[in-house]
């Protein structure tokens, strides 16, 4: 092609034009990107071709038909309505639900514990500060797998056998088979109670809006604390108490090997949760400490000069500014909790990795499909968490006018 | 909180009534928790002997660790060849030290040379061939393997991470997109699944007949995954650099790669070194996951040794010992990373 | 003239084809020979079947089979390397060609055969699933386990078997599925479960891993039959042939009374044609598979017949002390059987 162009035009013009063409940044950039894209695509096609060839050769079945086969796997801890005779897709969802359950609870608890330890690290009492520091240094430098194994084989296994269970007021029982808790026979009363709680939360939110507007307009304080206590504490407590007393309970009884009836929180769940919380709290504590220390001291002095006591200073001045610094690293920690929940596979917690990438993969042998679906679960949930945290981050970000 | 430093220990511990009460309560709690641990680990422990029967006390049976020490360190690596991992470790230490303490002008060249020579030397010493007895990776294990995986995975992760970080900052849309997709994918999936994926998928996507060593698969899987985290660490350094740096370099007529490698990267890497070290610590901790594909790293070999009928019930000893080693390594690294940070802070 | 040439060419062609058909290409065998050793996938560590001691030396019934295969193929029973595989990894490792075969007490099932691209080459151990329980729990049979919690390895046949068995009998049990057998047994020992379920043989092996083995009892009545044997992937018929007939050969040797002690004498003096074919004294059976004719002689000489291997690894000569039971020759009341060497 070049040769033909050469013959048509006189040489020097061509060379300079060609040089200009090559030196044009846009052209070059375009070229690099196209080359990279083509290279990657070629590599991908090559891998896929090899894989399909290898699979045909090895006689491995492919496709997603297996999802509708009966699973036959008994799962000791389900919060969906999966049973052994359902299909493998239901098994998948049961695993996803268990992953989500342990992740969400671990998120909340590790945030609380992390805040506690983070603030303890800044305590004025030396021993408190030192202990919190030692905890953080200890926890951050040990692989999570050790925590999981420690809680499971060290702590939970040391609980008594069913016959010597620790009884909680005679209705719940703690033993090495887990925590057996009573289950309501019918959920109707609880549904009403939760509706009542939701309504009172909504009322509280409306009240806060009204109070803020009034304060901005008139400068008068509303009885925020008292109304808050009433709506957020008293109403829920009363509603739950009513629902508890009005419902018939299936209280576990010791029969044969273990307690019958009720709902069993399996030790694997407790151990994984404890491991995730104690481990993640060490990291969150450091984030909290860093966040609080990042607030310039002048801010606190200024607030003291304005006459605010230490409590309101922490609540109104320090924490809001610290949160801004803390949100991005906290997002990372939350995503870590999600990913780390897969460590449950090491102790038979039936999460998506254990159930789907373990049991189902073994029964069907369709590695590629199953791994892809499992990875997709984490990516989708992870994206959702990131999206939420980004939204939250944008909301609390410094508004510069 | 940050109001002055209390002068004496007495003031620190018992300055005010509240402080005193809290201190006493906490001290009691510590004593209550620590006493049985110390009794088990030190006072009641058995240190001397040969077999499980020598452990008659109620405390730890460190005889087990002593009997298995060689395996904890080297796995099933042949005893008469153990000088090889030792020598490789020494070579890495000396090589690394030489680079760090070399005069400024030699450092880059020496570093690049070390980067090429040391990994090759390490593989040769451990794996054999060319005059040394060949020792397959299945015989490697223990702490030696943990260190090997950590170093070689980061040899993949750091260069790839730097490229990805540059890609993410690139003006070219496609490159940026590819880098972002790559980083977010690997950061979004659990490492346990990645190692499993690598061990299953790598043999499948290779043409028939070309095998990838079991250990190599785990290292590649970990390397890719950690590369994404490294990329984010490096990006922090890149973003911390004032924009003027690149603009000035371009104004001086430097090409993209020249500006990047002589102006931008040296500064960015120095800034992100603590973050990179932290990712390395995470990598060391994550090497424990290779046991899901039956590769026996330090934790794996500790677990495997528990299956020995002659040493039943040594779980605590095995876990405490191996956990302690992980802790020592990671703690030392994190201290180093923090000292880098404070040095930079000044 | 031309026709004669043509006929001659066709004849020569078909003759060479016939020769080629006799020895179908075997990429696995070629690879094994080039490599100089067999890659054998075994259990992570199951005393009696495949277990590595603290020097990394493997012993056991499943291990012995791979050693026998190495003796047959390479003439040296030590030319085999073992890859420990977990329940999860075993199929992918075989499918992707990382091992030449699996010999890791895996149960033969229809769906594995039909959908996983696997072939089972005979039975080297008739396993029956049962339970190990604490003596003080006073359990006599599996029916007494109503309400119990049971530890099992995830993805094993036992996992599904147990679930089905208890459901069919309307018994409610909690089954906890661990990724590795060792984790399951540790959890059982720590009191997490009332029972641990696996095959009789596997349980006998796992039992030594318990803190106080004598506190536990293995229920005698099995709830299922789980025949186990070496597994190969689809394709490479000649390799499958070798794997199948080495196993048959060890059983035939016991049947014919050939042991590692008398094999030299038998080879030299036996009048029995089947013995002579087996040991390569006549018939050229080895060559038909592309092996030396004394392939089984080397197996018996170096590893012994099935019975010797059984006694040494799981039988009375071992710590497991398993009776022969179903794994006795059919002539002595067991199920063990081999097609004739004819």
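Which chain is which? They are A, B and C, in the order written, and residues in each are numbered from 1.
Note that contacts are C-beta pairs under 8 Å (C-beta built on N, C-alpha and C of every residue); 3 or more make two chains touch, one makes a residue touch a chain.
The model shown is predicted, which means the values in this text are computed figures rather than measured ones.
Q: Farthest chain from chain A, going by the mean of C-alpha atoms per chain?
A: C
Q: Count the C-beta contact pairs for A-B and for B-C, then tell me which is higher.
A: Pair with the higher count of C-beta contacts: A-B.
Q: Return the distance between the CA-based centres of chain A and chain C, expressed in whole Å.
A: 44
Q: Measuring from the mean C-alpha position of chain A to the mean C-alpha position of chain B, what distance in angstrom results?
A: Chain centres of chain A and chain B, defined by C-alpha means, are spaced 25 Å apart.
Q: Between chain B and chain C, what distance separates the C-alpha centroids? Give it in angstrom.
A: Centre-to-centre distance between chain B and chain C: 40 Å.
Q: So which bits of chain B are touching at least two other chains?
A: If we look for residues of chain B contacting two or more partner chains, we find 196, 200, 204, 208, 292, 315.
Q: By the touch rule stated above, which residues of chain C touch at least two different other chains?
A: In chain C, residues 88, 92, 96-97, 179, 186 touch at least two other chains, as defined above.
Q: Where does chain A touch two or more other chains at once, residue-wise?
A: 54, 57, 153, 345-346, 357, 367
Q: In the complex, go through chain A and note every residue touching chain C.
A: Spelled out, the residues of chain A in touch with chain C are 54, 57-61, 72-76, 84, 153, 156-157, 161, 176-177, 255-258, 260, 264, 266-268, 345-348, 350, 354, 357-359, 361-365, 367.
Q: Which chain C residues qualify as touching chain B in the complex?
A: So the residues of chain C in touch with chain B come to 44-45, 47, 52-56, 81, 83-86, 88-89, 92, 96-98, 179, 182, 186, 208-211, 319.
Q: In the complex formed with chain A, which residues of chain C make contact?
A: 87-88, 91-92, 95-97, 111-112, 115-117, 137, 145-149, 151, 154-156, 159-160, 162-164, 167, 173-179, 183-184, 186-187, 190-192, 194, 233-235
Q: For the complex, give me every residue of chain A touching chain B.
A: Within the complex, chain A touches chain B at residues 29, 32-34, 36-37, 40, 47-48, 50-51, 53-55, 57, 122-128, 131, 137-138, 140-146, 149-150, 153-154, 297, 335, 339-343, 345-346, 353, 357, 367-368, 371, 374-375, 378-379, 382-383.
Q: Would you pull the chain B residues touching chain A in the complex into a rising list?
A: Its residues touching chain A are 1-3, 6, 12-13, 18-19, 22-23, 26-27, 30, 171-175, 178, 185, 187-193, 196-197, 200-201, 204-208, 281, 285-286, 288-289, 292, 299, 315-316, 319, 323, 326-327, 330-331, 334.
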